[in-house]
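Please go over the structures that come below.
Look at the two complexes coming up: chain A is in both, with chain B in one and chain C in the other.
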Partner chain A sequence: MNGSSVIVKVVSLAIILPALTFGLYIIAHGHLTPGGGFQGGAIIASALAIFLVAFAKQASKTLRKNLLSALECLALLGFIGLSFLGLGKSFFFNFLANSGLIFGQAVPFGPNPGFINTAGVIPLMNFFVGLEVSCALTIIVLTMLKAGGDKK
Partner chain B sequence: MELAKIAFFLIFTYFLLACALLLRPFGKPAVSDMDEYFILNAQREAASNNVVASIVFDYRGLDTLGEATVLFAAVSSIVLLFRGAPK
Partner chain C sequence: MILHIIALAAIIATAVLAIEFKDLLISTAMLAAMSLMLSLEFYLLQAPDVAITEAAVGACLSTAIFIIAIKKTARYENGAC
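Then we have the complex of A and B:
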């Protein structure tokens, strides 16, 4: 678990931060552009996988499996809880849409430039799903790296 | 035996060709009530420009919940599988 050579380390440091930012952008604009929680979570998880491959020893100290699995369970519980909050009308009811609260702005019909403060619970669900997917895929990489990684 | 193979090959080829000829033209899907409903009402009801996102997280949210649960089960089983691995 020594990590990779200097070249791989420098290049991965140059890649990781833009990849994390791009993943957060995809999650945050899930209700406006193609993409969303699953896709952005996969991008964040691939950035963390590059981090794990390049800096094996330091990275497995920084990314702890207990913390990641706790975050994953909390995100899944938040997703389910958010869907239960709409139970006044039905399961998974979008109770924040058109309400004037957070993400509650109405959208005009037809093509429009897109407003970030719209879509009700969809951005929150995107956030929870993105957190869950990124933590889940990172846990898979971390577990396999610890169990079968190079033992030198 | 050879004759049966050739006959099967010819029948299957003609079946595929007939299917290709019977396809609907590109960009002209079959008319259904649901897609018209989503295109006309999704922006008003779910207040989301991305109609696909409003279907995935609002109209068919239970489907997304199932996908997230499948991912959770996969991660749990992988952690269980590698629990006995030598450190």
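Then we have the complex of A and C:
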């Protein structure tokens, strides 16, 4: 598999960077707007899948399965560790909300004002879930790409 | 209401086209179009979470997996590559 034609390569290069940015936007605004960790991670994995389909030979050198698997395990450990950190009150306790630290601003009363620096521990968990989902879905496409040898 | 009818008709039309084409690459593109119309319908039914997931997973990731599978096997349905 030598990758695709020139047209596919140029169009995919034009698409990949906006798609990655949009996925990061969906993850970062997960506690304010529709979407969250899973949706943003799926969008990032879609961008990486386009990269894998268009540039098959170069991409399978840069995106290695061991690296992605290690990142996925790290994200899961971060998620469960963050939920254990709130164990002073209870499991998954939101210890950062209204504390004045990172993501610790108090939410004013009324309709959603769109402040991104709120909601405590939820945005951090969205980041971890997004990293985990994007790595896992990319591993699926990478396994499909490697399967069955390189006959064609 | 008229938008619902248009989206549902487009879903059915693209699904039938995906079955009817003998070129499997065009058939995969029709499946991606069906997934896009389905995500539009989810958005019209006020489920934007599901719409984003459907557009990302259904229209891009499964299409990428299908394209890789077609690259590794034959392109046409009767095997006459």
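Here, the second predicted complex is superposed on the first by the 148 of 152 C-alpha atoms of A that agree within 3 Å, B and C clash if a C-alpha of one lies under 4 Å from a C-alpha of the other, contacts with A are read in each partner's own complex, and residues count from 1 in each chain.
The definition used in the following text is that a residue touches a chain if its C-beta (ideal position, glycine included) is under 8 Å from a C-beta of that chain, and two chains touch if they have at least 3 such contacts.
The shown structure was predicted, so the numbers you read here are calculated from the model rather than taken from an experiment.
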Practice problem: May I ask you to decide whether A:P34 touches chain B, chain C, both, or neither, giving the answer as first, second, both or neither? | Solution: both
Quiz item: Now for A:I26: first (chain B), second (chain C), both, or neither, which partner does it touch?
Solution: second
Quiz item: Counting only touches as set out at the top, which of chain B and chain C does A:L87 meet: first, second, both, neither?
Solution: neither
Quiz item: Is A:I140 touching the first partner chain B, the second partner chain C, both, or neither of them?
Solution: both
Practice problem: Tell me which partner A:L52 touches in the superposition: chain B (first), chain C (second), both or neither. | Solution: second
Practice problem: Could you say whether A:L101 touches chain B, chain C, both of them, or neither, answering first, second, both or neither? | Solution: neither
Self-check item: Partner chain in contact with A:L17 - chain B first, chain C second, else both or neither
Solution: neither
Quiz item: Looking at the overlay, what does A:L67 touch: chain B (first), chain C (second), both, or neither?
Solution: neither
Quiz item: Of the residues on chain A, which ones does chain B touch that chain C also touches?
Solution: 34, 36, 38, 140, 144, 147-148
Self-check item: Complex contact set, residues of chain B against chain A
Solution: 43-50, 52-54, 56-58, 61-62, 64-65, 67-69, 71-72, 74-75, 78-79, 82, 85, 87
Quiz item: Contact residues on chain C for chain A in the complex?
Solution: 48-49, 52-53, 56-57, 60-61, 64-65, 67-69, 71-72
Quiz item: Contact residues on chain A for chain B in the complex?
Solution: 30-34, 36, 38, 65, 69, 72-73, 76, 79-80, 83, 91-92, 94, 97-98, 104-110, 112, 114-115, 118-122, 125-126, 129, 132-133, 136, 139-140, 143-144, 146-148
Quiz item: chain C touches which residues of chain A in the complex?
Solution: 1, 26, 34-36, 38-39, 42-43, 45-46, 49-50, 52-53, 137, 140-141, 144-145, 147-148, 151-152
